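One structure below.
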Amino acid sequence: MSEKIPGATARTFLAHIERGLFGRLRRDAHAEWAAYTQHEFVRCLALGTLPAEDFRAFLTQDYLYLIQYARAYALAVCKADTLDDMRALARTMGHVLDEMQLHVGYCAEWGLTESAMQGAPESLELLAYSRFLTDKGLAGDVLDLLVALAACAVGYGEVGARLMADPATVKEGNPYLRWMEEYASDDYAFSAIAAMETLEHTWAVRGGEARYPLLLKDFRTAARLEAAFWRAGQQRNFLG
Amino acid sequence: MSEKIPGATARTFLAHIERGLFGRLRRDAHAEWAAYTQHEFVRCLALGTLPAEDFRAFLTQDYLYLIQYARAYALAVCKADTLDDMRALARTMGHVLDEMQLHVGYCAEWGLTESAMQGAPESLELLAYSRFLTDKGLAGDVLDLLVALAACAVGYGEVGARLMADPATVKEGNPYLRWMEEYASDDYAFSAIAAMETLEHTWAVRGGEARYPLLLKDFRTAARLEAAFWRAGQQRNFLG
Amino acid sequence: MSEKIPGATARTFLAHIERGLFGRLRRDAHAEWAAYTQHEFVRCLALGTLPAEDFRAFLTQDYLYLIQYARAYALAVCKADTLDDMRALARTMGHVLDEMQLHVGYCAEWGLTESAMQGAPESLELLAYSRFLTDKGLAGDVLDLLVALAACAVGYGEVGARLMADPATVKEGNPYLRWMEEYASDDYAFSAIAAMETLEHTWAVRGGEARYPLLLKDFRTAARLEAAFWRAGQQRNFLG
Amino acid sequence: MSEKIPGATARTFLAHIERGLFGRLRRDAHAEWAAYTQHEFVRCLALGTLPAEDFRAFLTQDYLYLIQYARAYALAVCKADTLDDMRALARTMGHVLDEMQLHVGYCAEWGLTESAMQGAPESLELLAYSRFLTDKGLAGDVLDLLVALAACAVGYGEVGARLMADPATVKEGNPYLRWMEEYASDDYAFSAIAAMETLEHTWAVRGGEARYPLLLKDFRTAARLEAAFWRAGQQRNFLG
């Protein structure tokens, strides 16, 4: 687990994601990874041009997603091989459950109440992505699950860090600035680095080159599902 | 388990689906159920006007779906409370695995090889629906899982039976006739009736009115996912 | 979730366990429950006559058990129907993981290091009990799992509360006094009451009289496994 | 999957178990493996000196075990990476469910009815072993599960083949001869060889030297649990 060193920044985070198993997966899935982290939705956030209604649909689905994401981490705790890993993964799960309360405060500023979000139907994109994650935990071992989870845990940090470092990002009067700042924060970076560290040493005891092709396939699918998720909740005919 | 009584027909099947827990779920989810079983895709099958390309996309995704559907039944075997239920569910799982070989033969007539279908990416609709099913088996008990599975097991039988009984259905020269006949067959009806019977007696030992609202919610979601699935594989940007 | 009210005591706890679903299970499984909570091992703890070697074997297996118990609670988080339940169960899981560190301190006083305990083989009793719990989470729903978990969560509180309230319990010079005090503490009582409350409202949304026979059967099995567990780690031939 | 070649014998089976991943695990766990496959219970079967009462207790627990063993194979079907593996594992699961009916016939000759066996309580040894298997499927991937399952699948074949090949085995008038013959049969050998083949190619795509230590640990535990299982059902105080 990384210590919280004041001074760790988005920049060191962007170096970190090039390394180890995560770096290798990210390079080998570069097309899917770019389609996710440089999605049009992300560019519109950076320019502040995203329609508020699209953002609200996203926030609602993201709230519902976090419940499922916490479930997937709970499953990872159940599947971990060591007490240390159980504790690291339980910490992440706890963060997700705690951060949902911050999320709720943020959503309130956009006019979304928690009860409205809880009552919203799950979108096709949410169902596909979140149940892909929990099913990975059912079908595979903790390594399979952590690889699938890494696309979300690390990707949002990369989006935040990149947008905040990019001079083209509009900061003045951008209604999405706080959202970008949150994912570019040291807190988020530390948590994403912790995820990569748990992944790395799980790979050390459960990995092997033979497993890499299946892991890469899952990582690609997770990245594709992330790309689709930016537009989650916009297929109104599915939501009924 | 129903005996195979020669003379059981699509008509008796359509009476059967009105009864018991399944009948109640179907009535209470009538909007979602109609949107699924009377989908435009279904109407185009009946008239023979569906573009062949759409049908091929559907067949490919359906092949990939059946693998996941068999996994969900395997999980149901693991979760069943009695040896008799394990055997009934194992039989269904075996049928799915066997029928995939028939399916492969049928797909070949549409120019789809098994290896092409196996190599095709899973669509958003397939991921959403199939992983919703297996996740239901992870999160809930065998009753939760069987309710979710019933939408597929029974719905295709209803579609087949209704289309074949409908005088408006075009039979002469309809390239989709064989597909409709398969789901209107006595074999399929028996299997769907068996699914309703296992569901019914599982409800008898694991049910209770308190559970009905959650079960209905899941059944509605499954029906919505079925409706979405008719167009599975057509979001080409997701498939990459 | 119960507030921590100073003044809640073992006595109010002993009234609490008579109520609701837990009270009913406990009454209907009275033979197994008495064999567990009034086991000879417990009586020897109360009199301070238990051989230290037996206690050490128990402590080692109890340490290993808590890892599995935390896994079972992690699975319950994954299976919970609401965010509130996820949080309540995650809190219990967190307590177990945290309390293991207190446990390690206590064990050190008995000459047991954490690494020695981690390296000890799991006993037959531990394997039977803990994997019965996690398998219950695989086979059933969150209600099945919580019923099985209640035997441990509540039973140790009852043992602690009863022993500390019993005038026959030897306090002066009893090497097991601190152990008894821990399970008779307000903290433990609050946590056990929280377990009964989560169980009770899960029963309200997932229960039904039809389910009671299977739930009672599992509760009986859990109580029998608890009774066997007092002697865990003493079948030396199994441990190899 | 091995073809059924008439002429395959116990002898070729005994050569087979020396090879591949299974052979390596068996050698590295030789102490536990010998304690299981050359257990006193086995020697008493060979000499025909085992008390009938002990055998009946074993048969009852073995019946209950097979239900759980089939559940574990159902879970393996759900976890398999390919359709071919799903089919191979489904076949094994089907054999277990079918062979239980032969088993019931055999047990009837020993005065045990199916309903009596179904009503018998699960022993500590059965709970420990069978739930260790299903939990392995929950915690790990299909490779973890297949390694744990191999101890049973292959071990009984080895016991049967060795006893029938051993001139010291009493055949004349030995009431356990049919039991030994069943596990020395070509059918059983083929099925055990199939289990080793599925294990071997799963190791090829999911393995790696890094995983071997954990796999060996589980295999050792499974062998210890098998050794304990011969005496399953004899701790009458546990069974209540």
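Here are some notes:
Just so it is clear, A, B, C and D label the chains in written order, and each chain counts residues from 1 on its own.
Here, contacts are C-beta pairs under 8 Å (C-beta built on N, C-alpha and C of every residue); 3 or more make two chains touch, one makes a residue touch a chain.
Quick caveat, the model's predicted, so the values are computed rather than measured.
Between chain C and chain D, two chains of identical sequence, the interface residue sets overlap for the most part, with shared numbers making up over half of the total.
Centre-to-centre, using mean CA coordinates, chain A is 36 Å away from chain C.
Taking each chain's centre as the mean of its C-alpha atoms, chain A lies 33 Å from chain B.
Work out the mean CA point of chain A and of chain D, and you get 43 Å between them. Multi-chain contact residues of chain D, defined as those touching 2 or more other chains: 71, 75, 78, 134, 138-139.
Interchain contacts join each chain to each other chain, per the touch definition above. Here chain B touches chain A in the complex through residues 31-32, 35, 71, 75, 121-122, 124-125, 127-129, 131-132, 134-135, 137-139, 221, 224-225, 228, 238, 240, going by the rule given at the top. Per the touch definition, chain A reaches chain D in the complex via residues 78-79, 81, 138-144, 204-211, 214. Residues of chain C touching chain A in their complex: 67, 70-72, 74-75, 77-78, 83, 86-87, 90, 93-94, 97, 100, 118, 134.
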